[in-house]
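Listed below are the structures to be examined.
Note that chain A is present in both complexes that follow, paired respectively with chain B and with chain C.
What follows is the complex of A and B.
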């Protein structure tokens, strides 16, 4: 065992390892912060976290839970995409296949659906928590704006996903929703035409909503989530209600 | 309580290790439950039950070998069919299990289509993709279309088959009723070929109604047509006394006189002149009026055809002078009537009139007392006639013909349940809704205009079946599957013969070149089949060819000249293109041929099982009598008939003998051989 540890320590000095992890090893604060900053995945996280910020009572983990929902939705969404065709005669038949013949298809779909509901709920709860605790105040005002944008994206994801089962509920919900859009002064009808790819909810609308739901909105969401996390770090870590140390 | 929750929370999530442990257990449970539930689906239970069912059967091994576990589906992309019914209905093709197990283990009854070519929901409706009992059969939140009840199953045949089918009597009856009971006058029914279904009833024009009958009779009739004649196709409009009074006032008021040829009819015999009545009854019978008109006999049973109106109470209805002119030539009153122009002598008209006038029912008009109509009543009557849509069926002076009076029923079989307003307490299914609408239209609201029909349960079922066949799917099916109804023919024979055939209304009963009725044989190739001398005789004095038939051709009292014109035309024009009528000369047969034919007739082919050749000996009552066949038919026709009767008359009961030329020739020779001289009184 000791041998193995030694060998690993030796391997970390090798050129291959050094080409990937460039910060080098060491126990100093500099080494630790370099290890985080120079890693694309880790650099979003804080180098140092206050112990208090990790307590449940401070955040209720609402942000983390929203992220967890997002990850579950991504994984189940990708699996659902394996069975789903965004075409008019096929979309509803694919729902039926998921329900009746796909292994664990009902579980998959329900997991996606309930996670989506939970995510909307959690994101709202997150917003209220931040608002009532005053965590939006400077220097976090920019991150508050990012958060509101993320809320909008969450709602759009939810809305676009609603059409995809292509049942009566979906059809009429989107019909009503797009008619609300059409009430926008001057540009209303144009916006609806742009969203639906036509004047009524039809094959084009289904395809557009599918692309928005599966490609465009998730990518934008991922981008803003990254900015959101990065800003948390830049704004002095999670808001704990205490005076910051620096 | 609060304490307990807190301690439970602490136990489960108190430290990060505990929280991790708890969540891991939850995940583990989920990972165990999901695949288990996924595996133990409802259909697995049915497949296990099936295996239990066949285990101890003698053919169990071969049944088990043909059994396939798992989800079974029929996938037909071009029809949009994904049917998984066979997952539980395992034995659909196992004829040996008929009547053995409960459903879902019964085999499918034999049908002309392959199950794997059409799937299940094409005929049965329901949700084919489903693999649970509830979802597959019933109307659920996520699927509207439930299974079609078995008693309406013939409707599904009608989605593709527009031609009449022998295997679907209920559908055929329903379609005939839609046309016969006037449904299609108010409701439009369009075939996928964009042809509108036409009515086969013959609503009389009312433009000269005052000449035909009285205001009292109209009043009683429109109050309740079935009280006058049980077979009346006019429905009951549930009119109030005042409304019926005003409509009858308007109808009499709008009536105009019509031009008649004044004829001298001998005085109608008095109703108590038994001998004259008997004579009239005989003339009525000999003219075969009963081929089209029914009448109740002494036992109260209806006897006669249904092409014309029932005559049980005719004496209470029509005016004598109208009746005389009608019997002489119906076309002067109604140019579109289906009744032929009989060439009756004045004496016969009088006799028939006497007989018909005696057919009265004093009860029918006993309680009708109308005072003279006022102008306001007439105006109100006209308004009612427009509102109730009388002019949809009848020609009425001053009221325009009304189009699209009632909802279009072309796609009523696909009507979404969400668009139907059901009555409280009725089952929410389409067949139940249609049946309730037909049974009692006004139960859906007193303001509705649809009248009340008098129909038996079987008739309602037939109508529902025919209406369920009217789906929107007709247009989306592959054209190769559709069997459209034949194009309606506008065939019209030419010249003097054509005029005669119109005058005699041949097309009311006979079909020629695609046009006409189905009561009597198709005459398109009649000229190839019969000999001229027989035809002339037959036209002048028709006799029935089949002993078992009750419907007979009327005697039109044709002159020699008329009979010859018709015979010439039929012989010249109505020929099959397939062969030459004079191809086989009867004179070339030898007596040896005929003797050999006789052996074959009574021996090898046993023709006497169905046909009578020698009235003293033969007992066949199915096919036509052949005593005079050598004088009636041409040798070439008999020869071809023996070889393949179906090619000459599709649907004939005659078997397809596929006879070789020698046998057919010998039997033809035997049948053409002169028999005993024609019996006297052959016109019976």
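What follows is the complex of A and C.
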């Protein structure tokens, strides 16, 4: 075991490793800064943050947990896609297969479902936490707006996913929801037609919701999450009530 | 002979009185240099580590839930068979509850649109940015305005018989008014109420009303959207 650790440490000094992670394996703050700066994902964040911002009470880690949900949903969602056909009535048969045929299929579906509920709850909680600690105030106002957009995307993601099992629950929940859309003055019926691909929830609606749920909305969400994190850095890090400089 | 000196050697630490100084840096009085800023920590690894731990705890919790509770799956979708009641997902049940009281344009379009717009503009209004205690200035005028506004809202809500919104609204306004006149020996809670800004009151009102409507829609609505007990909801 110790041998393995040493070998890994040795490997981190090799040219191959260094070609991927240029920061190298040092322990200095410079190395640690480079580890963040030179990684396309991590560089959305600052290289150092206020110690106070990490205290549990400041954020309750709700934003972090929202992201964690999003990641769990992405992984379980991709696995579910391997077993799912967005067609009527095959979609429902696929649910039954997940339940009775696919190994751990029930667990996979459960994890995706409960994580989706958790994400909606956590994103709402995050919104209120940000509000009550006053972190929406300038210079963070635009990041708050990005947040509202993320909330809308989260709700829409959850809503489009709701139809995919094509059971009674799914069908009628979406019917109730799309009837609300039809109440929009003048354009209502047109908007509903656009979203459903018909006047009622049918096979076209299933396909549209599938494309929105599995491709379009996740991509948009990822994009806005990236902007959200980058803005935290650009707005001077998390709001802690402390002065930002010395 | 040496020139007379135009300076005297003395000990002083005030730079205005003795501008030219020779500093003797002894071991014990060395100038302070901050080598480390304790108020900051490195993102890698401190933040990433905490984020990973938080995420793993969440994953563990969700995995446990998924082992013991199954996601619902009803019969195949059947457009000819409407379940009663047909419910939207839980986060829209507050909205569905509103639709029970108001015409669709109001409950389904106007109110949600206003909520979203209100959320977006929050950080652009001075009142939300300064966040000054609501009662600190112009108290009497504010009391009158508040009562007037609430009276109008109450008439509107009574007209549509929306008791589920009217009751919490009146309760919250009463709580706000409790904070308006803190006597000299008022308790800590009352002083806390006194210092809360208007945005706090509006957001809390929204949060409480939305929660109540969602709970009613989820647990207390049965066939025909009639009021039922939670154990009668299937």
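Following the convention adopted for this analysis, the second predicted complex is superposed on the first by the 206 of 246 C-alpha atoms of A that agree within 3 Å, B and C clash if a C-alpha of one lies under 4 Å from a C-alpha of the other, contacts with A are read in each partner's own complex, and residues count from 1 in each chain.
By our rule, a contact is a pair of C-beta atoms (placed from the backbone, for glycine too) under 8 Å apart; a residue touches a chain by one contact, two chains touch by 3 or more.
This structure is a prediction, so every number in the text was calculated from the model and none was measured.
Asks: On the A-aligned overlay, A:107 touches which partner chain: chain B = first, chain C = second, or both, or neither?
Replies: Once the two structures are laid over each other on A, A:107 reaches both partners.
Asks: Is A:89 contacted by the first partner chain B, the second partner chain C, both or neither?
Replies: In the superposed model, A:89 contacts both chain B and chain C.
Asks: If we overlay the two complexes on their shared chain A, which of chain B and chain C does A:119 touch? Say first, second, both or neither.
Replies: neither
Asks: Output check: A:200 vs chain B and chain C. Expected answer is one of first, second, both, neither. What do you get?
Replies: second
Asks: For A:65, decide between first (touching chain B), second (touching chain C), both and neither.
Replies: second
Asks: Determine, under the contact definition given at the top, whether A:130 touches first (chain B), second (chain C), both, or neither.
Replies: A:130: touches no partner chain.
Asks: Which one hits more chain A residues, chain B or chain C?
Replies: Here the partner covering more residues of chain A is C.
Asks: Examine A:167 and indicate which partner it touches, taking first as chain B and second as chain C; both and neither are also allowed.
Replies: It touches chain B and chain C both.
Asks: Pick one for A:97: touches chain B only (first), chain C only (second), both, or neither.
Replies: First partner only.
Asks: Contacts for A:212 in the overlay, against chain B (first) and chain C (second): which applies, first, second, both or neither?
Replies: Touch status of A:212: no partner.
Asks: Name the residues of chain A shared by its contacts with chain B and its contacts with chain C.
Replies: On chain A, the residues that contact chain B in one structure and chain C in the other are 89, 96, 99, 107, 167-168.
Asks: Going by the contact rule at the top, pick out the chain A residues touching chain C in the complex.
Replies: Checking each residue of chain A against chain C gives 29, 32-33, 35-36, 42, 45-52, 54, 61, 64-65, 67-69, 71-72, 88-89, 92, 95-96, 99, 106-107, 109-115, 117-118, 120, 124, 127-128, 131-132, 134, 136-138, 140-141, 144-145, 148, 151-152, 155, 158-159, 162, 165-173, 175-177, 179-185, 200-202, 242.
Asks: Please name which positions on chain A make contact with chain B in the complex.
Replies: Against chain B, the touching part of chain A is residues 89, 93, 96-97, 99-101, 103-104, 107, 167-168.
Asks: Please give the residue numbers of chain B that touch chain A in the complex, ascending.
Replies: 34-35, 37-38, 71, 73, 80, 82, 84, 127, 129-132, 135, 142, 418
Asks: Across the complex, what residues on chain C touch chain A?
Replies: 38-48, 50-51, 54-55, 58-59, 62-63, 65-67, 69-79, 81-83, 86-92, 95-96, 99, 104-105, 108-109, 116, 119-120, 122-124, 128-129, 131, 200, 203, 207
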